[in-house]
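I've put the structures underneath this note.
In what follows, subunit A forms one complex with subunit B and a second complex with subunit C.
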Partner chain A sequence: MNLKDISTSVPKKDHKGKVSGQLAYISDLKVENMVFGVLYRSPIAYGKIKSIQVPDLPLGYEVVGAEDIPGPNYVKIIKEDQPIFANEWVNYIGEPILMLVGKDLDILYGLLEKVKIEWEEYQAIFTLEEAIKQKAAPGVTMANYEFGESLEIISAIEQGAHQIIEEEYDTGYQEHVYLEPQGMLAIYKDDEIVVQGSMQCLYYIKNALITALDCGDDDVRVVQSPTGGGFGGKEEFPSMMACHVAVAAKAVKKSVMLVFDRSEDMVVTTKRHPAKLKYRTALDKEGNILSMCVEVYLDGGANVGLSSVVLQRALLNSAGVYKIPHFHAKGYVLKTHTVPNGAFRGFGAPQSFAGIESHIGHLSKRANIDPLEYKRKYLVKQGDPTITKGNFRDPILMEEMIEDLLNTTDYKKKKVEFQTFNHHNQRYKKGIGTSLFLHGCGFTGSGERDHIKATVKLFKSKDDLVSLKISNSDMGQGIYTTLSKIVAKELDLPYEKVSYPYPDTKEVPDSGPTVASRTTMIVGKLLERAAKKLKAQWQNGVEQEVTENYVHREMIPWNELTFTGDAYPAYSWGVNFVEVEVDTLTGNVKLENVYANYEVGKVIDDRVMKGQIDGGLAQGLAYGYLEKMTSKEGRIQQKSITDYGPPTSMDVVSIQSKVFDNPYADGPYGAKGAGELTLIGGAPAVQAAIEDALQTPFQQIPITPEVIIESLWLREGEEG
Partner chain B sequence: MAEKIIAYRFDQVDQTLSQLNKEDCTIIAGGTDVMVLYKSRRGVPPKITKPIVFIDHLNELKQVYKKGKDLHIGACCTYSDLLNDPLIPTPLKNAIKTIAAPAIRNRGTLGGNICNASPAGDTLPLLYVYNAKLVLRSVSGVRIVAISDFIQGVRRVDRKSNEILAEIILPSELEEGAYAVFEKVGNRNADAIAKVGFAGYIRTNGEVIKDIRFAFGAVGPTMVRSVDIEKKLIGKTIPLAGADIAQVLSAFDKIIKPIDDQRSTARYRKTVALNLLRYFLSRKQYQHN
Partner chain C sequence: MITFTLNGRKVETDAPPSARLLDVIRDEYLLIGTKEGCGEGECGACSIFVNNLLQNSCLIPIGSIEGAEIVTIEGIMESDQFKILDESYSEAGGVQCGYCIPGMVMASAALLAQNPHPSEAEIREGISGNLCRCTGYNMIVDAINLAAKKGDGLWQKK
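== the complex of A and B ==
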């Protein structure tokens, strides 16, 4: 491959099948001897099952439940707290209890209605507020961490402070709304079960299946099918579906397909954790920060799943991109009897950045300084310590990126223009807001070295075609293209001669899950090294295979108990400027201009990166003002895309973005993580813009029209 | 395993009407509401119990023409048809542009929006303030009813099982000095179901109000309109006095009774409905359209 610059775009590998609509997704598949599965789900939030009555089943229809699981009844993730089929306690509305299988879905739906369960119902915890009140009760706190400056020192600082500002900030659910709802198929064979479906993490699923089926490594095989979006929603959740179909296939000796429609998917799959963040900040007379304490509460839902890891990332980002003197943080994952919350692009960071950017913005008002100017006073610089006593050892380009956007937007002039506009327009008010943010790339701490231990292989056939053997999923983000490109360029082969088949655990080693903005940086680097190795020993016309294993970057060792050390090997950075116009009669917010600068080391493909920017930022902006999901007595209220309201092309404006080069030695061609970063700045920037337009502070996202009208109404009351 | 479905697609309106006279059927024009209403879970076809009569192809039901001061709109005109028709008034076009997205607008019809009688029907507030009349046809002939009489409740309309809605008449659209406005408040700018809809209509002679009307959508089981409240403003001059505006607002405050649901809150709906009304009433002048 003869690209002068790796960033130059090439056609996406999966472009044709997707654009032509020819590509078959899991729900398009039919295999021999296949039946459908449907799940009977708990209609109550918290209770004990006393008896289960299944109606008489017609020939060819069978019931599958906990007693059919060969191994222990839990989905292997971190803790053993998520049953495959709840058979004793149920902990949320929608929890799977049993599965009915058979040929005809219509008959299956009819049979589901006739399943009768007797319960002993208990008082459930429905909201994070209730859980916070009961956090000392047994089982409510599912994980907690605390670190930072000693509370004695902070207490002394607070006593001498000019004032202490306390704020509470709430963030809501966010739903992934991947285009393709979840789906999984278990193909039954005499000697193995093949599980195929929409997924991000093949080996998470394989490990869960080995446990659930109590079988050997060769008895199960996991194959990724084309995946129409993941956003974290297909990180851990598919493991449960895989257990359902595999257990069922084994029990009924048929292939079993389980596919959700949109409403089932919206009601029962994991969401972004609703959070409450509390800030307590000591200020001097000029409004300078003397100390800050942050508390983070995450609504884990009914089981812990990945929530403890999500909390870690939330805490690690709790100071944003700032060097805050005397910083202390603690956090909790609390149990509620609601649908379990899980991985979602950003993984705890979006909540923290929304909170800290909001808080710092409000502090700047008190200091009577423009928010951006105030933020820049605290911006971390190369060589600064992190809040966990790690080190920002690589160059940081934030100042350059900010300066660039100040010029592009003509920020100061615009602020004055907007003031004049707002003065003359009774109905519409314009505002501009900014956000500064980073994203730690890859797994937290030594996760890559201690838990993931990624391995990649490159295989060369006799006709000198090279294929990637890795377990990572292209879910639309473009790694078929970017990773193939890295290998092709390194081997100096035409792009077409490098292929990346849909991964199959029988064929590929464990190169880790497709999460945490790790794929390009970590797996890409391993592939780059593998390609170098293959090039060195290249023999025309001979079959060859090379293997590469993960090598850890030297850094300050991470200690999970004390929360000290380098939490991440590298950071990607971003700056967003957002302009809005708010309709004060309806509270509707219109995006007018969106500007985004990012630094991700080195872009591997310009168009793929632009896809991440436009999609990620739209998702992040919507998290701040548009997408609204609520739970009422344990029941998700929005069951359709229309009611939930993710942005359409009519809601998002063309995003003006730039990416700055800052090559990172341990990434391929200098690349770092990019996928999650793009989401993080959206919500805080849109909040700041709305606040600027209305000259009113908010303490929550999403700032929906309902929130805006309520706040204008309250303000009118105050002003008489 | 699929169950047998009986469906009719006649070439003429007359044949359609005579079938409807024999048999109670589900009428499908664009189908964008019917198919959602009868939707089953994944993998199972919709369950429509009655035979289906398709009317979307009947040219007789797709005409737009002027007759005296009245504008006649065929009930089976799709939204896209209407957007391209020079006779359709701009405020109605603006309302149509807020409906769903292009694919739905290529199928959905104005008649369907009326017969579906959703509390959030996007064209309904405007049709109410236009005093739209509906032409219902059956084998026994033609019956004309006011839209406000036709729509009786949530998805409940005064259509006899042998009738079809054939035309919508906008009687006052072409009157001189008339100005109409529509505002839809949704959670996003496309594919959204209204949280509040507002239509205002005013006809002035100089500065004197000759006629004024308001209708609100999505804040009750049907559109909220009050001729009694409107009457109080007739004869007043523009701009309206603060006390007159306050009186109208407080009168509507009493009759707008929205609910909380998964899309919004009662309080929001009411506040915004009244905000939009206040804004309409507070104008210094009204551009005729």
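== the complex of A and C ==
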């Protein structure tokens, strides 16, 4: 492949099948002898099952439950706390209890309504507030960490401080709304079960199946179907569905399809953790920061799932992009009897960045300094320590990126213009806000070395066609294109001669899950190395295969117990400027201009990167002011897309973005992670812009019209 | 028995009148390009043409389309207009996960047939009934803009 610059865009590998709709997603498949499954779910939040009564079933309809599971009754993730089918205790509304299978979905739904269960109900914990009050009670704290400066030293600093500022900040649920609802099919064969579906992590699913089915490595096989969006929502959740269909297929000896409709998907699947963040900061007379203590509380929902890892990332980002003197942080994942929360693009970082950017913005007001100027005083520089005593060892281009946007937006002039506009306008107010952020690429700490141990293979056929053998999922982010391109360029082969078939665990080694902004950087690097190796041994007309294994670059070793060391091998960076107009009569926020600068090492494909920027930022902005999901007594209140309100084409505006080159030695062609970074800055920038327009601080996201109107009323009351 | 035209071909179905057109298209005629994203008319993934008008097939009971002309993405796939849209979506990078795309392409074709030179605001309005979660819409807006230019003169003739 003859590209001068790897970043030059090429056509997407999977374009044709997608634009014509002829690429088959899981719900488009029909296999022989296939039945559907539907799940009977707990209608109560917390209780003990006393008896289960299933109605008489017509011929060809069967019930599958906990007693049909060959292995232990849990979905293997990290802890063993998530049953496949609850058979004793239920811990949230919507928890699966049994499955009915049969040919006709309408008949199945009718039968579901006739299932009767007797309960002993217990007092549930429904809110994060309540869980915080009860955090010392048994089982409520599911994970916790604490690190940083000693509290004695901080207490001494606080005693000498001019002022101590305390703030509490709340973030809400966020729902993925991948356009393709979750779906999974188990194909029954005499000697193996093939599980196929919409997924990000083939080997997570395979490992969960081996445990649940108590079977050997060769007895199950996992195949990815084209995946209609993931955003983290298809990271760990599909493992449970895979267990459901595989257990059912084994029990009824038929192929079993489980596809959620939108309302089921919205109510029972994992979401971004609601969080409460508490800040306690000591200031001197000029408003300079002397010390800071942060507490992070995540609502884990009914079981821990991946929440402990999400909390780690939330804590690792709790100081934002700032070098804060005498920093201390602690955090908790707390149990509530609500739908379990899990992975979502950003993985704990969006909550932390929303909180810290808000807090720092509010501190700047006290110091009477423009928020951006105040933030820049504390911006980390190359060589600075991280909050875990790691090191920012690579060059940091944040100052350049900020300067560039100050010029592009004419920031200072715009500030004055907006002030004048706001002075002359009673109803509409304009504001500009900024956010500064980073994203640690790849797994936290030594995860790649100790847990993932990625392996990739390249296979060359006799006709000199090369295929990628990796377990990573293209879920729309474009790795079919970018990873194929890396291999084609390295081998000097035409792009068309490199293929990347939908992964199947029978064919591909475990190159790790498709998560954590690791795929391009980690898997891409392994493929680059494999391609170099293949090139060196290349023999025309001969079948060849090469393998590469992950090699860890030792830095400051990560210690999860003391929370010290290099938490990430590398960081990607971003700056967002957002301009809004707020209607003070309705509380509606209109985006006017959005500017975004990023640094992701080296872009592998400009067009794919722009797709990540536009899509990620749209999700991040909406997280700050548009998308609202709530739970009432354990029941998710938004059951349709419209109730929830993700952005339509009318809500977003064109985004002016730029990506800065800063090649990273351990990434392919210098590339680092990009997928999650683009979401993180949206919410804090939109909040800052709304605050600038209204000259009112907020302590929560999303800042919906209701929140705006209420704060304006409150202010009127205070002023009036 | 309900009779209608599907992609130019006269067809008959004995599906119950309350069956959703979406299910009949997918299950009986095995046309998979029409996707189900919400089943409530909110996302547009199941967009089709009913007598040349863009509609959500998940909201249409089969009983209501007697004699109607139904066109799905498969019905336009060979057209010159589709080729232009295909190229433009590729060039602009409008496709990520792809699940919303057949519906989005139908909405694009409907918009351009009605308004061959739409402004950005008109494009945004034209696809506002079609949700996309991957792209943030801008590259889809670009694709439609590009298609309007590339297919100049092509959109008017039906």
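What we mean here is this: the second predicted complex is superposed on the first by the 720 of 720 C-alpha atoms of A that agree within 3 Å, B and C clash if a C-alpha of one lies under 4 Å from a C-alpha of the other, contacts with A are read in each partner's own complex, and residues count from 1 in each chain.
Here, contacts are C-beta pairs under 8 Å (C-beta built on N, C-alpha and C of every residue); 3 or more make two chains touch, one makes a residue touch a chain.
Because the structure is a prediction, the values reported are computed rather than measured.
Using the contact criterion defined above for the overlaid structures, shared-chain residue A:L585 touches subunit B, although it does not reach subunit C.
By the touch criterion defined above, A:D614 reaches subunit C but does not reach subunit B. In the superposition on chain A, A:L436 contacts neither subunit B nor subunit C. With both complexes placed on chain A, subunit A has more residues touched by C than by the other of subunit B and subunit C. Of the two partner chains placed by the overlay, only subunit B lies in contact with A:F36; subunit C stays clear of it. Of the two partner chains placed by the overlay, subunit B and subunit C both lie in contact with A:D261. Residue contacts after overlaying the shared chain place A:P647 against subunit B and subunit C alike.
Of the two partner chains, subunit C is the only one that A:I655 touches; subunit B does not reach it. In the superposition on chain A, A:T630 contacts subunit B only, with no contact to subunit C.
Of the two partner chains placed by superposition, only subunit B is touched by A:D104; subunit C is not.
Subunit A residues 261, 641-642, 646-650 lie at the interface with subunit B in one structure and with subunit C in the other.
Per the touch definition, subunit A reaches subunit C in the complex via residues 9, 11-12, 14-25, 27-28, 176-181, 226-231, 261-262, 475-478, 607-608, 610-611, 614-619, 640-642, 646-650, 652, 654-655.
Put simply, subunit A touches subunit B in their complex at residues 36, 104-106, 109, 259-261, 264, 427, 585-588, 626, 628, 630, 637-639, 641-643, 645-651, 704-706, 709-710, 713. Of all residues in subunit C, only 26, 32-40, 42-43, 45, 73-74, 77, 85-86, 89-90, 93, 95-102, 105, 120, 123-125, 127-128, 130-141 touch subunit A in the complex they form. Put simply, subunit B touches subunit A in their complex at residues 1, 40-44, 101, 183, 185, 187-193, 195-196, 262-265, 267-268, 271-272, 275-276, 279.
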